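Each of the next two complexes has chain A plus one other chain: chain B in the first, chain C in the second.
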Partner chain A sequence: MHIADGILSTEMAAAADAVSVGALYVFGKRARTEEIPKMGIMAAALFVVSLIHFPVAGTSVHLGLFGLAGILLGFRAVPVVFTALLFQSLLFQHGGLLSLGVNVINMSAGAVAAYFLWRIRPVPEALRAFLCGFVGIIVPALLMAVEFELSGYGRGIYYLMSIYVIAAGAEGILSAMIIGFFRKVDPRILPKYPVIKEKK
Partner chain B sequence: MKHDYLDKYSRLDSFIHKLDPRVKLICFFLAVVAVVSEPRGDLTGFPFYYLLIILLLAASRIPLSFVLKRCLIASPFIVMAAGVLPLSYLLSPGASASPSSAESMWFHPLSILLKAYAAVILLTLLSSTEKFHRLLNGLQKLKFPPVLGVMSALMYRYIFILNDEMLRTTRARKSRTPGKSRISRFRIYGNQAALIFLRGKKRAQDVYNAMMSRGFQGEFQEYNGFRLKLRDGLFSLLFLALYTGVRFGL
Partner chain C sequence: MRKKFIWLITLVIFWFGAASWLYAHKLEIKITPLPSVVMVEAGYSGHKHGLSGGDVFIYAPRDSEKAFQTGKTDAKGKFAFIPDQAGDWRVAVDDGTGHKSEQILSLGEDFFLQKPTVPGSGESHPPEQARDVEKEKASKESEAAPSQAQVPLVWKALVGVSLVFGIAGILYGAKARKKSG
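What follows is the complex of A and B.
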């Protein structure tokens, strides 16, 4: 799902870079000084946890954790996602440098969608956690499909979406397990007891 | 602490390793822009781009096997993206905007593959010929936003510690789950991820407290040891002239 350089049109990648810079300015400015180190280390934790590979349908997939980032960080997931993607791009060539903006928009959209879903209180927590994990993958995948179509790839990409539905399902189950573990071991990390406070 | 895999070739001694990180960041980024902005389906510039890349690789002394491994890691997505065009054409030949003909159905995916792999190799060269913390310092010098600079610096420091945590918990998981069914193993993966995250969060709090007690004001001291030398100027002029020349067919 990390779009490499040269896949989308240069115009689209450049426009997405501009939009993501604007989003980073807005959401980065909201962060208070004392929050930044915590966000950096949480970004490292998300990055490392996303390196765990687990077996699904005969292949090995890794976690994205954008849904979890949305639950725990809200809109502050945007700079965290940016930093994690910059690292993945430079260190492992997962995603390109010019297409960093597109990837930031896609993955952050998944995190923000999860943030809003998590706030729907009447739904049981395990189901909410599953849905957050699911949208954390499926929203970026759908945005990617739209971007492919706009870049002149036709509609073939929509036929490949089934792969991401399986990955999103797996991520949803794991997100529910992670949130369940948090609830049992240290519920203070969950947003009812915010780790990162809103700016006054 | 096992972290040599991140920038293990940054300690080699070559002309490219000695360049200023700011020069490398700008030059390689512009080279990626030049390559990926080639019109889709137009393959004329790629022999020259790849010739330049091969020369850079030879000069950098980065082992070819390492570069190929990086290309392999990026391959699933790149191959999938290139495969979408023929798929769209075969599913609805008249409807898709591009490719418009059976001939371009093959040239377009080929140009996508060539562009994407060229960008992957250029990024591999950038990240493997410089220590990662110096690349971050270079970004800071190029007016990277301070918020992201601090986050990146901390992230880089703690990736290694948390990665050690992951290796330890993975060893524990493997030693305690021989012959377990797939479904119960799935639960263990979730618990492992949650445990690493909780330990990371605790460490974040401890680090924050320690930083505040030492007078942290929200920004790290900026590194001032970079000096542009003649070789940086010559390299950037030649490098950009060649890439621009190929891009605009001069």
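What follows is the complex of A and C.
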């Protein structure tokens, strides 16, 4: 899912870099002292988890944990995703440095979507956790496909979505298991966000 | 105390469990020079099957800009090309999702003097005449200092995790000091 350098236009990549650095500043600056250790652990987890992969239809997809980051950190997931992707790019060559901004926006969008989904309380927690994990992969994959189309690569990339649906399903199950584990072991790990309820 | 113990056990299991997977996601290529043909095999380390549909770029000696040949790996991750001159051939494979692997293959004049093998004829030619320059270069470099490609993935992962924790620690310290001061 990481976009390498030279695939998207330089203008698009540079604009995305500027936006991602701005988001890093805005959401990182407001982080409270007690949030930082959790952000550090989550960034390390995101960084390493991209190495855990499974084969799907002749290719290989890896975990992302963007949905889990969104659940646990909300908008603080943006600087966490930025840090994890930066080191993935530098150490594993997953995605390029110039296209880092695009990758950060794509994957942070998945985390932020998961954050909003997590706040819809009438839905059971396990199902919400599953859906958060699912959108944490599907949203970045969709954005990537749109960016490829905008850059003139056609719509072929949309066919890859079926692979990402499988990956998103696996991620959803993993997220549900992790949230269930946190609920059982120490519910204080799960943040208490303002609830989004349906208007009656 | 019990909760802390459970956390510690979980962390240890995750860490060692993950470590066994760490080597598995790297895209690797194997180049086999056969008489008149060079075969490229691409696949992820730790996987038995090859990378199907991977983009292959072949660059002839002294022309690093324009590709001599491009194409895609077959269902088993294989791709073959016919070199037309001796020298250093650069072979790059990209899976289209950010993973890329590159190798340089040095072909001598003797490579072109061999007769093609007829399948079933019983003739065989050893592929040793083509040296893998990358490996030779890498082994020479390793005597001086390890290059990035040689550093095992697990070490890179440890370096990355250490850096992330280090940054978080510094930020935490700075914020805490600012708060108390």
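Assume the second predicted complex is superposed on the first by the 166 of 200 C-alpha atoms of A that agree within 3 Å, B and C clash if a C-alpha of one lies under 4 Å from a C-alpha of the other, contacts with A are read in each partner's own complex, and residues count from 1 in each chain.
To be clear about the criterion, a contact is a pair of C-beta atoms (placed from the backbone, for glycine too) under 8 Å apart; a residue touches a chain by one contact, two chains touch by 3 or more.
Small disclaimer: the values here were computed from a predicted structure and weren't measured.
> Between chain B (first) and chain C (second), which, if any, makes contact with A:His62: first, second, both or neither?
A:His62 contacts chain C only, not chain B.
> Just chain B (first), just chain C (second), both, or neither: which does A:Gly154 touch?
It touches chain B, and chain C stays clear.
> Look at A:Ala44 in the shared chain and tell me whether it touches chain B only, chain C only, both, or neither; answer first, second, both or neither.
Both: A:Ala44 reaches chain B and chain C.
> Once the structures are superposed on A, label A:Asn106 by its partner contacts, choosing first (chain B), second (chain C), both or neither.
Neither partner.
> Answer with first, second, both or neither: which of chain B and chain C does A:Tyr25 touch in the superposed model?
After superposition on chain A, A:Tyr25 lies in contact with chain B alone.
> In the superposed model, which partner reaches more residues of chain A, chain B or chain C?
On the superposition, B touches more of the residues of chain A.
> Indicate the residue numbers of chain A shared between its chain B interface and its chain C interface, in ascending order.
Chain A residues touching both partners: 1-4, 31, 33, 36-37, 39-41, 43-44, 47-49, 51-52, 55, 83-84, 87, 90-94, 96, 181, 185-186.
> If we count contacts the way the header does, which residues on chain C are in touch with chain A in the complex?
The contact residues of chain C facing chain A are 3, 6-7, 10, 18, 21-22, 24-25, 44, 47, 49, 51-53, 75, 94-95, 97-100, 153, 156-157, 159-161, 163-165, 167-169, 171-172, 175-176, 179.
> Can you check the complex and tell me which residues of chain A touch chain C?
Those residues of chain A that touch chain C are 1-4, 31-33, 36-37, 39-41, 43-44, 47-53, 55, 58-60, 62, 83-84, 87-88, 90-96, 181, 185-186.
> Inside the complex, what are the residues of chain B that reach chain A?
So the residues of chain B in touch with chain A come to 6-7, 29, 32-33, 35-37, 40, 70, 73-74, 77-78, 80-81, 84-89, 91-92, 95-98, 112, 114-116, 118-120, 123-124, 126-127, 132, 135, 145, 147-148, 150-159, 162-163, 165-166, 170, 182, 185-187, 189-198, 200-201, 203-205, 207-208, 211-212, 216-218.
> State the interface residues of chain A toward chain B in the complex, per the touch definition above.
For chain A paired with chain B, touching residues are 1-7, 10, 13, 24-25, 28-29, 31, 33-34, 36-49, 51-52, 54-55, 63, 65, 68, 79-80, 82-84, 86-87, 89-94, 96-98, 148, 152-157, 159-160, 173-174, 176-178, 180-182, 185-186, 189, 195.
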